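So, here come the structures, one by one.
Next, two complexes with subunit A in common: one pairs it with subunit B, the other with subunit C.
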Partner chain A sequence: MAKIIIDNQEVECQEGITVLQAASKAGWDVPHYCFHPGLSIAASCRLCLMEQKMPHPQTREMGWSPKLMPACQTPVRDGLEVRFASDKVKQNRANCLEFYLLDHPLDCPVCDQAGECHLQDYSQRFGNAESRMVDQKHVTPKKDIGPKTLLYTDRCVLCTRCVRFTQEISGTNELCLTNRGSKNEIDVFPGRPLDNPLQGNVVDLCPVGCLLDKSFLFKRRVWELKGTPSTCPGCAMGCSIRVDQADEHVYRLKPRYNPKVNDWWMCDEGRFGFEYVHDDKRIAAPVVRRGKDKTTPEWQDLPGILKTRFETHVREHEGASVAVVLSPFMACEEAWLLIRFIRDIAPSAVLVMGPVPVEGEDQQFPAGATGDAVKFTILKEKCPNKRGIEMLLEAAGGETLAFDAFVEKATAGEFSAGWVVGGYPKAWVEKPVGKAAAKFELLVAQDMFENEFTAAADIVLPACAWVERDGSFANHAGLIQPFARSIEPPAGAMRDGQYLFETAGFEGIYSGERVRELMAATIPAFNEVCEAPPVPAHTH
Partner chain B sequence: MAKFEPILLKNRGVVNSTALKVYESRGGYQALRKALKMTPETITEEVKKANLRGRGGAGFPAGVKWGFLPKDRTRTLLCVNGDESEPPTFCNRVLMENDPHQLIEGTIISAFATQAQVAYIYLRVEFHEVFHIVQKAIDEAYAAGILGKNILGSDYSLDCYIHRGAGAYVCGEETGLIESIEGKRGQPRIKPPFPAIEGLFRLPTVVNNVETLSCVPHIIERGGDWFSSIGPEHSTGPKLFSISGPVKNPGCYEAAMDITMRDLLEREDMGGGMLPGKKLKGVLPGGISMGVLTADELDMKMDFADPAKYGLLGLGTAAAVVFDESTDIRAVLRNVARFYASESCGQCTQCREGTAWMNKMATRIESGAGRNEDLDILLETARNMGMMPGLSICGLPDGATFPIETIVKKYRGELEAAIAAQSAEAAEQILQTMN
Partner chain C sequence: MAWKALDRLTPVAEGEAPLLSEALREKIRSFFPRYETKRAALLPALHIVQNTLGHVSYQAMEEIAEVLDIHPSDVLDTLSFYTHFWTHPKGEKVITVCRSLSCEVMGGKEVLDEIKKQLGIGLHETTPDGKYSLVTEECLAGCDHSACLLINEKLHKCVKPEDVAKLLADENNDKIDSERSDLFDPPPESAVTKTDASDGTSDANEAQEGN
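Here is the complex of A and B:
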């Protein structure tokens, strides 16, 4: 720990960080554009300048140095004394902000960033309201720089965060700075669009409305969005994210800082991989079939129906054999409730791990990096909770099966009753399973989209997308990461956790946290979840 | 006044002065032979004793700079700054065109003193002629065993390459130069680390100006005490001065730093006075970046200390450009402003936007749509972007603001008169149409 003095207040801070970080952590609002803790230090925006006490070159007496110093480039050290609350520092900020606005189009009313723009915010907090420039503005173009991203260069503050990201994190180097002076523009190279698997992060990094996400463009004003902390289900990494929704519609996903998992980043596949949530082909209501007869039961009756059907089946079938397929898209809590329900009724029920989707190879960034130089990894295992399901299978004991073996046995008629959970964002039943599904006397299929299991099932239960549920996923490294509910399920559907909670015999409202408490009694790993640490208020 | 015996320019005008054998026949490479028998430390001591201050603009003592190199280093690089992009400045060019071996000898001695393995001579791209001359001299030196392995039979080896820029003023700034040699976008680095600790290719690096290094052979040959006896105590040794504009003898001259701006302009063996019929209005005495002197301020001494008394940033490149009474001061203002607006690399907000804004104002004032308040905003912008220390990464905005500030302050009456003489309608129209 180092002790420094900021504006006459003693601040204890971690060694090795910059004054900007120490000050932000301690609650100071230090304006900054070029500094980002995940990128190299550019110290070029000159917004964060501060005064520092230094020994006089001749007398060695300590006094305020006439030179302003960048807080983002000055490491903390014991005894360092700085100040932000001085006229000189404030004047510099105001000057900078006046400079930024000289050529700025002031098109906030049509800018996607408005409301979360650090040029708006800083101008208001630290700037002057009026520009003294009477000359024409230098106008720079809007550019289409890649399949997913636009660059409105006239709004750029030239912080080069985006350029440094493509150099240092993705390692793909698509972005560059062209020209000189105020004619500077961010650009791509001819024939090389911004199209790397992490490119969406440059939009997050951009402190203003210069880099824009095409999929979000003009969709919604940001102040109408409500953010919920969540965990990305796109791969086994489980990046900490925020789900931004309005009117029960998800508009975008943003990464949240989590040093244990994703730092500040997420990949495009995860970022844009939520379209299916609003697919109108989703199963929205439960169905109970008796022969040709199809009914939609009341949700309040469902737990009873499920319980009775399984109990009756086990009672009436000598040697009944029950199998449950658990999906790696389920939350740990949901899987635990289902296992509990089934094993209560059929203690020897076979537990099956659903198919684990794998695509290609793990991708590390920057390309070719190894060890500590790896800044981000996209895993080939395209589901969020294989580890969690494995932990639960282990804790539950008894017989387990791989999915392929389950299909084989089911086809051979070895199971009389089953409960198959899907919930995959894409079609997941690869081999024909119609024959296997037909062999069950009692089959429950819990899924988001129709497939051969839902077609044959006696009871079809709608599965909800992760943004409609809450619970936790255990990532590839076994970190148990909670995710919160962001939107309501489609009309007619109920959250999986809720009906599983009731079906397993509990009363009241399901919550991941409540179930985790119950689980922790037998599986201590669930005593602790990995929460992304809070980020100081004035950082971005 | 006694005629100054040229030292740096002593070979200028000699037939075939760029040839190795001519250089050697006039005593060339004797200092190198002497230096190779000395230790690097004693050479550095001699250079410190000479109080050789950098000729590139900042005036930092060369020997002290060499002393910043880490003691435990294994690799060292030397960069020779021949970017010479400061407007009206052409002293380095005269040195390299006339006496490339003097520079090479100074480079080798300085490289030996700093224990460098490689020296890079960085030339602005417009120096086509200079490039061929220096390259030929390097080739000759290699062939004669003066460069390369075991220089003149000693244990010391040095390679020397020319690196040509791509046309950017800011690449004359030492860390911009380093980035440029590395093949990157030419823009200054943040410091620390300073080049002596982590410079070119992240190795300890010394950057010195062409003229600075050209002094070194003479210091070794004749001693630091001899060198420091020339000129005022704080500004020792021979110095090149150039003068251009409507003067009788524009050119590059050598003198001790005890001359005044008036000497440089008027002495018969120097500028020779104004051209017939021309009356001096002002002069930018140190390249354009140091600021302006009026006709009443010509007694400024051309040394490292006096310019500050006249509100100037420093001696700069000691390259004076004169303008006469027929020159519209608004055109001077605009020409200066335009240069920095197009040469700022654009990293730092204050420099990028400040230079551009000042250029817009200066252009508008020149076009006849100025306002008195523009003059105040120019002064304020100058302070807000450059004159307060620490605002930006490199010294370019300091250089951009001193001429603007001194022109506005020293010629304010004339500027205001020009603004008052504008037709209000025309001014309004210009304002609407200009960009």
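Here is the complex of A and C:
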């Protein structure tokens, strides 16, 4: 631990960090654009400049240096004394911000970034209220630089975070800084657009409204969005994310800092892969079939119906064999409730791991990096909770089966009753399973979209997308990461956790945390969840 | 899209055939032993290409990137930093008129206007016959002889508007007495080994002497 003095206050900080990081951690609001803890240091924005005590070259007497020093580039060392609260520092910030705004179009009313823009925030906190600019502004073009991003050159502050990201994290180098001095612009080589699997991050990194996400462009003002902490279900990595919604509609996903999983980044597949949540074709209401009759039961009757049907089935069929397919898209809590329900009624019920979607190979960034040089990984296993379901199957014991073996046995008519959970964002029943599905005397299909199981099922239950549920996923490394409910399920549907909670014999409102406490009694791993650490208030 | 955005998705249309001949590529590669990384040979490469082809087109940038094993955006980044690299064809002779203080006071502006009038072109333009291109520069370091201008590498001193017609008519207006610099020719084998063996200080001295 090093002790430094900031504005006459002693601050204890970790060795090896910069003064900017130490000050931010201790609660100082130091403006900065170019500094980002995940990237190399550019020290080009000149907003974090501070005064530093230095020995006089002749007298060796300690005094404030006449020249301001960048806080982002000065490492902390014991006894270092700096100040941000002086007039000189404040004047520098105001002057810098005035320069930043000289050519800025001030088009906040039509800018997507307005409301979370650090030009706005800093100008208000540290800048001048009025512009002294009397000349014509220098107008620079908007650029269509990639399939997912737009670049508004006129709003750029040239922090070069985006350029450094493509150089250091994605390793794809598409972005560059063209020209020089007052003609500096961020650009791509014509015909070589910004198109890599991590490109969405440059939009998050941009402290102003220069780089914008085409899919979010003009969709919603950011102050209308409400963010909920969540975990990405795109692959087995389970990046920490924030779900931004308004009026029960998800508009965008943003990464949250989590050093154990994703640092500051997330991939495009996860970021833009939530459209299925608002698909019209989703199953929204439960259906009970008796012969050709189709009825939609009231939700409060459903736990009773499910319980009675399974109990009657087991009672009436000597040696009934029950199978439950658990999807790797289920939360650990939901899977645990379902296992508990089914094993209560049929202790020998077979538990099946649903199909695990795999696409291509694991992708590491920058390409070709190994060991510590790997900055980000996209896993080939495209589901969030395979590890969690495995943990539960292990804890539950008894007979377990792989999905293919289950289909084989079901086709042979070895199961009389079944409960199949899907909830996959894409069509997941790849091989025809119609024959297998038809063999069940009692089949419950819990899914988001119609497929052969839901077509043959006696009871169809709507499954909810992860943004509508709460619970936890265990990622590939076994970290149990909670996710919170962000939006309501489609009209008519109920959260999976709630009806499974009631079906399993519990009363009241389901909450992931409450169920996790129950689970932890038998599975100690659930005592500990991995939550992303809080980030200092004034960093970005 | 409803508003105007520069299209950076489509490549700049250029010919199919490679612009950099194998000999030219080899010349660029001969600079590799001088530096720790291949990308460090970017500036010599740009000079070589501009000296040979007259300008560095987008296609040439891509080909340079290929030789140096870097992304074309890195080439564009470096090239556009320096104003002396041309990305579009230039005329046979480039007239560079000084626009700095001394020349401005001594009638440089009038000289420039006269050239524009006689050639019928503006700044950064080339005559239809491809003979002359016209640009301005901040200072040509000829303040004691203002107003001055360059035609290719030949400095013309104390130019007056009435001299322009004669100057343009002169076929040899770009001929210089001294030989062209061979700075960007590949070094002889012996020189490379010598540099490698000597220490950093003498390198710097040699470089200064060379200048």
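FYI, the second predicted complex is superposed on the first by the 540 of 540 C-alpha atoms of A that agree within 3 Å, B and C clash if a C-alpha of one lies under 4 Å from a C-alpha of the other, contacts with A are read in each partner's own complex, and residues count from 1 in each chain.
Here, a residue touches a chain if its C-beta (ideal position, glycine included) is under 8 Å from a C-beta of that chain, and two chains touch if they have at least 3 such contacts.
Because the structure is predicted, anything quoted here is derived from the model rather than measured.
A.B. asks: Now for A:P57: first (subunit B), second (subunit C), both, or neither, which partner does it touch?
C.D. replies: A:P57: touches no partner chain.
A.B. asks: Is A:P193 in contact with subunit B, with subunit C, with both, or with neither (first, second, both, neither)?
C.D. replies: Second partner only.
A.B. asks: Examine A:N95 and indicate which partner it touches, taking first as subunit B and second as subunit C; both and neither are also allowed.
C.D. replies: first
A.B. asks: Check whether A:N179 is in contact with subunit B, with subunit C, with both or with neither, and answer first, second, both or neither.
C.D. replies: The answer is both, since A:N179 touches subunit B and subunit C.
A.B. asks: Considering only the touch criterion stated at the top, classify A:L150 as touching first (subunit B), second (subunit C), both, or neither.
C.D. replies: A:L150 sits against subunit C, while subunit B stays out of touch.
A.B. asks: Between subunit B (first) and subunit C (second), which, if any, makes contact with A:Q73: first, second, both or neither?
C.D. replies: It touches subunit B, and subunit C stays clear.
A.B. asks: Once the two complexes are aligned on chain A, which partner has more residues of subunit A within touching range, subunit B or subunit C?
C.D. replies: B
A.B. asks: Show me the subunit A residues, by the header's touch rule, that subunit B contacts in one structure and subunit C contacts in the other.
C.D. replies: 176-177, 179-180
A.B. asks: Over in the complex, which subunit C residues touch subunit A? Could you list them?
C.D. replies: That would be residues 1, 3-12, 58, 61-62, 70-77, 80-83 of subunit C.
A.B. asks: Which residues of subunit A touch subunit B once you look at their complex with the stated criterion?
C.D. replies: Residues in contact with subunit B: 41-47, 49, 66-70, 73, 88, 91-92, 95-96, 99-100, 102-103, 132-136, 138, 157-158, 160, 176-177, 179-184.
A.B. asks: Could you pull out which subunit A residues touch subunit C in their complex?
C.D. replies: 141-147, 150, 172-180, 187-193
A.B. asks: Under the touch definition given earlier, write down the residues of subunit B that touch subunit A in their complex.
C.D. replies: It comes out as residues 168, 170, 185, 190, 341-350, 352-357, 360-361, 364, 371, 377, 384-385, 388-393, 431, 434-435.
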